[in-house]
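In what follows, a structure is listed as structure tokens, so that the remarks can point back to it.
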Amino acid sequence: MKKRNPQLNANGELHHLLTIEGLPRDILTHILNTAESFVTVAEREVKKVPLLRGKAIFNLFFENSTRTRTTFEIAAKRLSADVINLNIGSSSTSKGETLLDTVDNLSAMQADMFVVRHAQSGAAHLIARHVAPHIHVVNAGDGRHAHPTQGLLDMFTIRRYKEDFTRLRVAIVGDILHSRVARSEIHALNVLGVPEIRVIAPKTLLPTEVEQLGVHVYHDMAQGLKDVDVVMMLRLQNERMRGALLPSAGEFFKHYGLTADKLAHAKYDAIVMHPGPMNRGIEIDSGVADGKQSVILPQVTFGIAVRMAVMSILAGN
Amino acid sequence: MKKRNPQLNANGELHHLLTIEGLPRDILTHILNTAESFVTVAEREVKKVPLLRGKAIFNLFFENSTRTRTTFEIAAKRLSADVINLNIGSSSTSKGETLLDTVDNLSAMQADMFVVRHAQSGAAHLIARHVAPHIHVVNAGDGRHAHPTQGLLDMFTIRRYKEDFTRLRVAIVGDILHSRVARSEIHALNVLGVPEIRVIAPKTLLPTEVEQLGVHVYHDMAQGLKDVDVVMMLRLQNERMRGALLPSAGEFFKHYGLTADKLAHAKYDAIVMHPGPMNRGIEIDSGVADGKQSVILPQVTFGIAVRMAVMSILAGN
Amino acid sequence: MKKRNPQLNANGELHHLLTIEGLPRDILTHILNTAESFVTVAEREVKKVPLLRGKAIFNLFFENSTRTRTTFEIAAKRLSADVINLNIGSSSTSKGETLLDTVDNLSAMQADMFVVRHAQSGAAHLIARHVAPHIHVVNAGDGRHAHPTQGLLDMFTIRRYKEDFTRLRVAIVGDILHSRVARSEIHALNVLGVPEIRVIAPKTLLPTEVEQLGVHVYHDMAQGLKDVDVVMMLRLQNERMRGALLPSAGEFFKHYGLTADKLAHAKYDAIVMHPGPMNRGIEIDSGVADGKQSVILPQVTFGIAVRMAVMSILAGN
């Protein structure tokens, strides 16, 4: 007998969003379709809907990320929820309380949803296993593991510009090894039926046995970008460059930075994506980042709609 | 002639909540009864009521406490208030402005209520004496002096599980000396008619002349817990253990940490309380903290209802 | 042909508020008149109006200022807006993202308004030039340049107490050189037709060619305050006193601190203003600050109404 996915309830409905891995295609498609309706909400004069009115959403950010926290905060407020921001690094854990005691306490305050960011892989799963049945957990990034709402907003963006996933060639470029974003993207692309997923990176920035994720490996941009429909850049963490994994930012940019010249190998109408924040001149050239193939800012906009979709599917009135 | 309690208006109604000391029993009972109605609000699909709609509640936290601030923030939002969180340590006081100038300025922004946390005993009283007549002050903990909403939520919890205060034997265990929580609990238990209040602590963690508060002193857990209905544990501040007051955390736990063995001296249906955050293995054993006699998490839940009651009684439309 | 004011749209309506310089008198008067209606809102039981319901206001504070941020937050919440507070110092800019990338990202989250505080003069203008046409920018203080809502609330206060600008003699006292508040006040007083504006300061705290702003310069308080209707004190930045610009706080107070004796040179019904936070005993004597001619706290109250007016004129439904 198959072990039940910890994200689904007994009826096979989404109860937590922890990772895209193992989610069926119809659930991803339902989220993307729901997000479509919220894109139009954002264009209205009054951008609010009452779907989470009276619900308490706790942003539990054990790792600081103003940008991601802000997108969840806006999404929740557009759904009329009450939002509590907790920067947990500076809170009870510094008083010696354990992570699960903190979660128990917040649960006892009748939270309806925890949006969790944590430097440790698996933190959101741990919390989801622990909380009371009426509480929903959304993983907003855990260690190197997963960042599912980023993966979903990327899929939403691709579908908006390219429509049919089953005819696409997609390249993911950069630091695959340390990237939870790349993991979530690869899972989502696979589930949605993209036939050819490529990763382009130096050997030092690739996980071992990365091919088992269902991707083709390239170490050269000209070859890897050849005829792709979608180029998904990754952020290069500054701290990697101080280590032994990379020679220098200049060397990296020379070989793997996305320039107009390299992008010319892709299809003429390929779109360029980046999860932000960008390091201009390191993983991406400014001309490309701001160019006509870039959909980097639409990604941000769609991110609000996708997070509204996830939150309303999980906890909507 | 009796001096008027600074917390009451000319009609004897609650205007500020600064300390439980000196409040008449009917006011405490009114708060507890009002809180009962808010417990059911929290169980509804939409947890909001409009009692503080349009009111501005300022959380003035001169001493950091994410947990307590969060409970007040949730309570205020459930009452539909606008909540402004001010971490004053990083604000104008660092620009040389005095505490009272800061309060004057915030008052001039048409605040309706200040929830004040301060490391100095008496800070909330000082502010209450100073503000304009339409502003309400709630003490969320001042130095070693008082933490009245904690005391009230503890009383609410006791009443929920034990009903009649006038038949109870209650023990408070741990660092009485430095605890504003203990002070508020003792005052509340006395006002509500608990006939036997015990404190259990080593001599170094007891105030001089503690008996004048109306308590019986024990230095031994077996004797002190004998036949009690309620065990109220206190948090041991880590910094105490670095000083001369305590031999070591291990020694403290051995003598005063609440274990199943020691708890067996209490009545078989005694409840175990703790204001949090807990130091597991120092003042309380994990098995007891998570055991069937523990009401530690219900305390948190009731804390929201009690704070909603206090805020709506003070400033409700 | 005259260059269009970057704050006005093609119809000559206010689209951003960046500086008072160059704004026509009818726009200032419209803001002041609109603020009048919001003063009464603040006196109602329910202080909210739905003019910005569903609008997302981002407080972008690159320079910390709890007090100013709080006034904008309260004003926005009274207009029923959703408010997102971003302390940008601790956010993406620390991840190497540029200011304009940060702004682009927040714009893509469908912000309706940015309230910007920045240590660099011109930051709000830069952002206003960059954002999409539907977004409004309010300057909440940029370097030494401008603080237009402070200037406007000061004008509102003067009008409340003195009515006709065209009969007034106004003195601004203190550190004119470093003060964006002084610049905004001088522009506003000029536009509103105040016939005699004086600045009183030591030479080291005056900009070169300050007379070109349309003011009369005094170095002596007795002469400068003679027969004025309004005394506008400035905050003395503590850091100035550590430099070579000032001998000492005591010396400054002796010559330029506002005492009852010096104030006696002004008209008997002159009002005393200060933008806060005050350094009592440095630029102003406590007796004067708290005295019957002081309108320092009404300034704060009117500041909420003026900010509500600005935000609703810019982005109201």
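All chains are identified by letter, namely A, B and C, in their written order; residue positions are counted from 1 within each chain.
As a working rule, a contact is a pair of C-beta atoms (placed from the backbone, for glycine too) under 8 Å apart; a residue touches a chain by one contact, two chains touch by 3 or more.
Nothing here was measured: the structure is a model prediction, and the numbers come from that model.
Engineer: Same or different: do the copies subunit A and subunit B touch each other through matching residue numbers, with over half of them shared?
Structural biologist: different
Engineer: Could you report, rounded to a multiple of 5°, the rotation needed to superpose subunit B's C-alpha atoms on subunit C?
Structural biologist: About 120 degrees of rotation relates the two copies.
Engineer: In whole angstrom, how far does the Cα centroid of subunit A sit from the Cα centroid of subunit B?
Structural biologist: From the centre of subunit A to the centre of subunit B is 41 Å.
Engineer: Going by the contact rule already set, what residues in subunit A reach two or more other chains?
Structural biologist: none
Engineer: Can you check the complex and tell me which residues of subunit C touch subunit B?
Structural biologist: Per the stated touch rule, the residues are 42, 44-48, 64, 66-67, 70-71, 73-74, 77-78, 238, 276-280, 297-301, 303-304.
Engineer: Over in the complex, which subunit B residues touch subunit C? Could you list them?
Structural biologist: 53-56, 82, 84, 86-88, 90-92, 95-98, 101-102, 104-110, 317
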